[in-house]
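Next come two complexes, and both contain chain A; in the first it sits with chain B, in the second with chain C.
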Partner chain A sequence: MALDAGTVAAVDALAERYKYGFVTDIEQETAPKGLNEDIIRFISAKKAEPEWLLAWRLKAYRHWLEMRDPKWARVKHPPIDFQDAYYYAAPKTKEGPKSLDEVDPELLRTYEKLGIPLHEHEILAGVAVDAVFDSVSVATTFKKKLEEVGVIFCAISEAVQKHPELVRRYLGTVVPYSDNFYATLNSAVFTDGSFVYLPKGVRCPMELSTYFRINAAKTGQFERTLIIADAGAHVSYLEGCTAPMRDENQLHAAVVELVALDDAEIKYSTVQNWYPGDAEGRGGIYNFVTKRGACRGRHSKISWTQVETGSAITWKYPSCILQGEGSSGAFYSIAIVNNRQQADTGTKMLHIGRNTRSTIVSKGISAGRGQNTYRGLVRMQGGAENARNHTRCDSLLIGGACGAHTVPYIESKNPTARVEHEATTARIGEDQLFYCRQRGLDEEQAVSLIVNGFCKEVLQELPMEFAVEAQKLVALSLEGSVG
Partner chain B sequence: MLEIHDLHVSVGGAEILKGLSLNVAAGEVHAVMGPNGSGKSTLSYVLAGRPGYDVTAGTVRYKGRDLLAMAPEERAAAGVFLAFQYPVELPGVSGATFLRTALNAVRKARGEKDLDAMQFLKAVRERLRSLSMTEETLKRALNVGFSGGEKKRNEMLQMALLEPDLAVLDETDSGLDIDALKLVADGVNALRAPGRAMLVITHYQRLLSHIVPDRVHVLARGRIQRSGGKELALELEARGYAEFGHAA
Partner chain C sequence: MPSSAMRHERAMGLDLTPPGLSAERFLSEGEPLAGGPAWLAALRQQATLRLRVEGLPANDDEGWRQTPLAALKRFPLGGRAAAVATPASSLLRAEERAARLVFRNGALQPAAGDMAALPAGVTLASLAELWRAEPARLAGRLGRLSATEGLPFAQLNLSLAADGYALLIDDGVRLERPVEIVFAGDGEAAWHPRVLIALGRDSTAAVLECHVGRGAYLANGVSELLLAAGARLGYCRVQDEAPAALHLHAGMAELAGGARLDSVVLSLGGGLARNEWRVRLAGEGAEVRLDEVFALRGRQQGETISVIEHLAPHTGSAQVAKGVLDGHARKVFQGKIAVASGAAKAAGSQLNKTLLLSRTAEVASKPELEINCDDVQCSHGAAVGALDEDQLFYLRSRGVPLLQAQALLVDGFLDQVVETVALPTVAAALRARIAAWLAEREGNGT
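For the complex of A and B:
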């Protein structure tokens, strides 16, 4: 994504075409700060988008101008100045570290603890831009293999060019442009993201992942992902956000839309470890994300599994619209807050069709001065005959200065529907810690073992290679929470 | 191996141990007997380093080192093992994960290499067999839903695997029927070794019929009131703790 000469020329050209102009600053390699229609036109032009998509973006932008940011979540932050942000930016290769020696040693230690090999350090720290491009080409290699079975897996901007009919048919149909403040903002300015289409009856031969791509999008904080599973198709998709961010309170407002047709199944897993800010709560990402899946077909399935350990603030409710008869949705979540982190996360299960099923398992862990809120809606519509939901919501507290909150919303308009909600709150017992230490574990190992045990049901839902990483992350994000 | 001198310990401001002295040599098994509330569990916890037990006076030396200056995990690494009266439940943590984590933590502290999964399994299988336990124990969450007997056998399994130099058994006989008691006692006896000291803390004599001690001490009112050979246990069984100022 680094701006090349072509980009600079494009910016210059636009600056002439639209008299508001852009200051082309090669040193910074960004479009100017702020948000207006010209920025949106620039993004759209940069990606050579068709007219309908630009119109859609502008419609979203104009709608957004009339909206206010939501106040109902249990999170606190100063007002965000939306004019004080870059909406199109590429890595500042000149300012970035040139070699591993120039990288913050603490950053390197963090990678070591994560068990990421050295050459990947370079990729993750944005040192070797070529290597970042290499990681994109890894996805391209997969792409060929996937094409053989008819699976489309590419950047959404590429999909707009190559498969405009699919994008146009599904984009914004699960999360409409007017959905909510941050999703609407995303609709106006999204710059990157993935597109997946599985044709009828295709079982994706491998896990799809965006693990490396997140680095290329270092400053592109408005991703948009669209996954469509046609009748009978199956896919497991992994999203990793494990590159720490060093910026001050940067906004990350992504949108993910999933569509599952008859008998299709989508499994979407996330391990989110954005920079959480320092111990005093300075810096860190505002992770304000809208994720929603539509089970449109009969007996379709969508499951969300998330491990949320990073970000200063997480505001995220991966949801399922259970429309198809006998369709089912699941939400498995681990949310960890430490230091001054805040998380307000959960799900929405909207039961529309007959015999729909949903399962919610939420594990919240609070340490330091962290505040962790589970917020979940289960709605049984009038037509949801014999629909079933089961919710388990467990909170674990470490220390006395953190908080855990559970806010379930249950609405039932059908007398045959059944909704079950269980919730527990516990502290890590002094007796548990002592027992582990008596067996030779130090305090941090003990906490890690106990917390991983607490999260086990959710960790089991992750694909194997992610589960191992997630376990390490759980331990890492709780470092310094005891003693 | 273990030298306790004039130990005073308070819990929540109340003095529980009031000048306890006790020496245990390598290769010996000592029994500490006493009525409820005499300070038996306090002794075991303070040896293991449980937070909240304030040592106000006295010394404890273990292999010549100041035991009280060591963190609980350092004591474990140095070979101190406490078999808990009430083993703690760890939901979601399988027995195998716990045992392997503990074993490797202790090995690391001793400068030994981690055991890989196969080596670990081999080591643990041998011990399981000798305690008449099944591999099912390794898959279950540690102590969760275990019967009293299962919990105590699980403690013995950990002890057998960690091979401590000083084992403190806190009321290991409580809550066991006679068959379980015999199994646990066999497990302990199998671990008796010239380089290993054991401190068996119990209210009742019956455990000492199966684990025959070299020395017996009576703990009451926070101090060792009397010490003797194995016959002292039988005497206590017959006469109770009344002469030491406690009802049996």
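For the complex of A and C:
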């Protein structure tokens, strides 16, 4: 997708730095501050959860108490006080809304400001949206139409009530409760998130989408998403995130689990635009997320596409466990850091089954005083006969004070498996800039054009609606980094 | 995500830091120190103290995640075995070398050496002799690089080193033929050989080190390479230790402006062999080439851990590590290129390629870039796979037996590194040793 004059103009029109930084004044219901077993019981009771889920949460919490937060990532932050945050915040409503008409108009206006008019989406766009506001799903559109073909798309708390057998069967099977520090914390305190189930052979008739919004101050957001594509099913899922501008850091520790059975395909796209903090590095979201997909069936397919422009710190490794014979995984990523943002992101491809395939394309862009790290693991297990991986990581540096780091781990235990990794690091070429300037683009436009070209391979992987937004976002995130 | 990778290693039983593997055990079983100047004693004391405080590595340390540390426990560390009089083989003919030194179990064998042909301005001597007789020539050089690096076994070496060699070249002196050094090990013992190579301005030298032996011993070496402006050093190490030996080596180099280091290691020996590199490109225009050829089989584990720091503008680095793994062999490669913020126009490249010849061989590779400067050109690549089926088929269809066909292809693959070695005599020595390794493989019919 080329960047034309219209897009440049559109980018120029977006004069403000972070336009999602407003706060919605809405009545909230919160649990007391801090984290202990009572808070977990409170969350579980609020959601009227079955006994097994509460037991699972408590098991996770007790395990978490024994864990240390990970230190290996190339990110720096002061220690997080886990007692100084609210673990449950929900917009006050009497009953859950039956349709969009019953949703608090203030909330609908918030989503409109975010560029996600839920009504409009329902009528025009043909994208089913689940909106999550401070850990609670407030609206899901297009439910009826999806139900007709048998697709379940709802808040996970609703799925626990309506489809407990499915949730119980799959929850925690890809990311176990003991997986890592932040995933374990999430298992203990997750409040909501999306649940998708596609029955055998169903091709989802529309894109599914979730918008996450952190609104309340001093809250952590811990959502949990679970997507199951049964044999032969196909789904494309989009995720977007924003948060208000605040001086303190807020923690977002989500878990996403994907399960693809025989011949199923899941395409998961993220445009992550949490508040990145100001130019001096004050405030911003700590985005510590565990995303993992299991290709359990033969010839199943999972692809992750991410555009990471927001957050003060990103710590995220969407991964694929390639178990089924002939299954394939893909990871397409653009990670941009500017000002004092830090990102340590990448993927894991674990090849277990025969003839498994994986592709990794990572584009990292560092500007300002940003620190950007690609960290990835490709492992060929002994049984990964004829497995293939190709990895390409490119880094672009803009300005002398930023950093770009590449840390790939490659492990192979099978001689018939082939792993290839290549990476480059460079800055924008003087000759490229000169060429663009010569044709009348100013420096910022020229950089934006070149950066979009650099990212093209990944942008192409995004669904249409997201690609346009992502392209603008790329330019916007780099604003002020030139000159 | 490494957290789970680490768990996996744990599950494989690799992080069994064995009870009794303490710095204390090494220190207490080491040699009493030979004499020397006060500054050396102070350096040694510092290293001992540091080792006591920081301890030996554990599998939690990123650089040691893949190392079977339990193996260290097997090695008898006390005392020095009696020197035996078996003649050390030589890779170079007498007329091909400038001089030769032979060490057995860490101790110099004066009778086996050959120092007649050294030109003026070149000092090649036992380090122990030098620090007793002319310590001033070592002051500020010996221990300069290793004292600041947190490598525990290099600290152990500094603390316990009894001997080694120094090669000191005066400004402008060119040593045309290579110096050959043989380190031979025999029996159950531990030694900590130390090497200091210091090249004056615009001087040139080449060194071929050969590590051989039999039995189960621990050779824990450190080489410090100091290159003044415009100096050029060719440094070739043939690591051909006994299959049961433990070979640890830390090479530390500092290059001033315009200096150039060409290093190549041929790694064939040792039950566990670990080769660490710390290279500082400190002066403008300094360049390093850090190559390795490895061929491992049986239950050998080979490790290469390197850090190349670009600290000045216009510095260049190139690293190629290529090798083959047979049997249950395992190779660990961790190479890092770090570019500091002031090192504009730095260029770095890194390539790690491994061929797996058996179903049970394993490789773990981690080529790493750490770039803090925008005006750079850096790249790295890694590839793991088996021999190309089509090429094998082509050879076999012309009547070449399988093992011989494999040997041909492996030889071609490895020769891409050997052919970059500047001195033809050294390149020929490497080729001969690789050919012998392949012939042994054919002979074993594995």
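Keep in mind that, in the parts below, the second predicted complex is superposed on the first by the 388 of 483 C-alpha atoms of A that agree within 3 Å, B and C clash if a C-alpha of one lies under 4 Å from a C-alpha of the other, contacts with A are read in each partner's own complex, and residues count from 1 in each chain.
The definition used in the following text is that a residue touches a chain if its C-beta (ideal position, glycine included) is under 8 Å from a C-beta of that chain, and two chains touch if they have at least 3 such contacts.
All figures in this text were calculated on a predicted structure; none of them were measured in a lab.
Peer 1: Is A:176 touching the first partner chain B, the second partner chain C, both, or neither of them?
Peer 2: Touch partners of A:176: none, neither chain B nor chain C.
Peer 1: With the two structures laid over each other on chain A, which partner does A:463 touch: chain B (first), chain C (second), both, or neither?
Peer 2: Neither partner.
Peer 1: Touching A:441, do we find chain B (first), chain C (second), both, or neither?
Peer 2: first
Peer 1: Examine A:50 and indicate which partner it touches, taking first as chain B and second as chain C; both and neither are also allowed.
Peer 2: neither
Peer 1: Just to be sure I read the superposition right, which of the two partners does A:432 touch: chain B = first, chain C = second, or both, or neither?
Peer 2: first
Peer 1: May I ask you to decide whether A:150 touches chain B, chain C, both, or neither, giving the answer as first, second, both or neither?
Peer 2: In the superposed model, A:150 contacts neither chain B nor chain C.
Peer 1: Applying the document's definition of touching, compare chain B and chain C: which contacts more of chain A?
Peer 2: Of the two chains, more chain A residues are contacted by C.
Peer 1: In the superposed arrangement, does A:319 touch chain B (first), chain C (second), both or neither?
Peer 2: second
Peer 1: Would you check which partner chain A:348 touches, where first means chain B only, second means chain C only, and both and neither mean what they say?
Peer 2: second
Peer 1: Can you list the residues of chain A that meet both chain B and chain C?
Peer 2: none
Peer 1: Spell out the part of chain C that touches chain A in their complex, as residue ranges.
Peer 2: Within the complex, chain C touches chain A at residues 1-5, 62, 341, 354, 356-359, 361-386.
Peer 1: Report the residues of chain B in contact with chain A in the complex, numbered from low to high.
Peer 2: 48-52, 71-73, 75-77, 81-82, 84, 87-93, 97-98, 101-103, 105-106, 109, 141, 158, 162
Peer 1: Which positions of chain A touch chain C when the two form their complex?
Peer 2: The contact residues of chain A facing chain C are 70, 72, 179-180, 317, 319, 348, 375, 377, 379-380, 382, 395, 397-427.
Peer 1: Enumerate the contact residues on chain A facing chain B in the complex.
Peer 2: Contact set of chain A toward chain B: 429-432, 434-443, 445, 449-450, 452-457.
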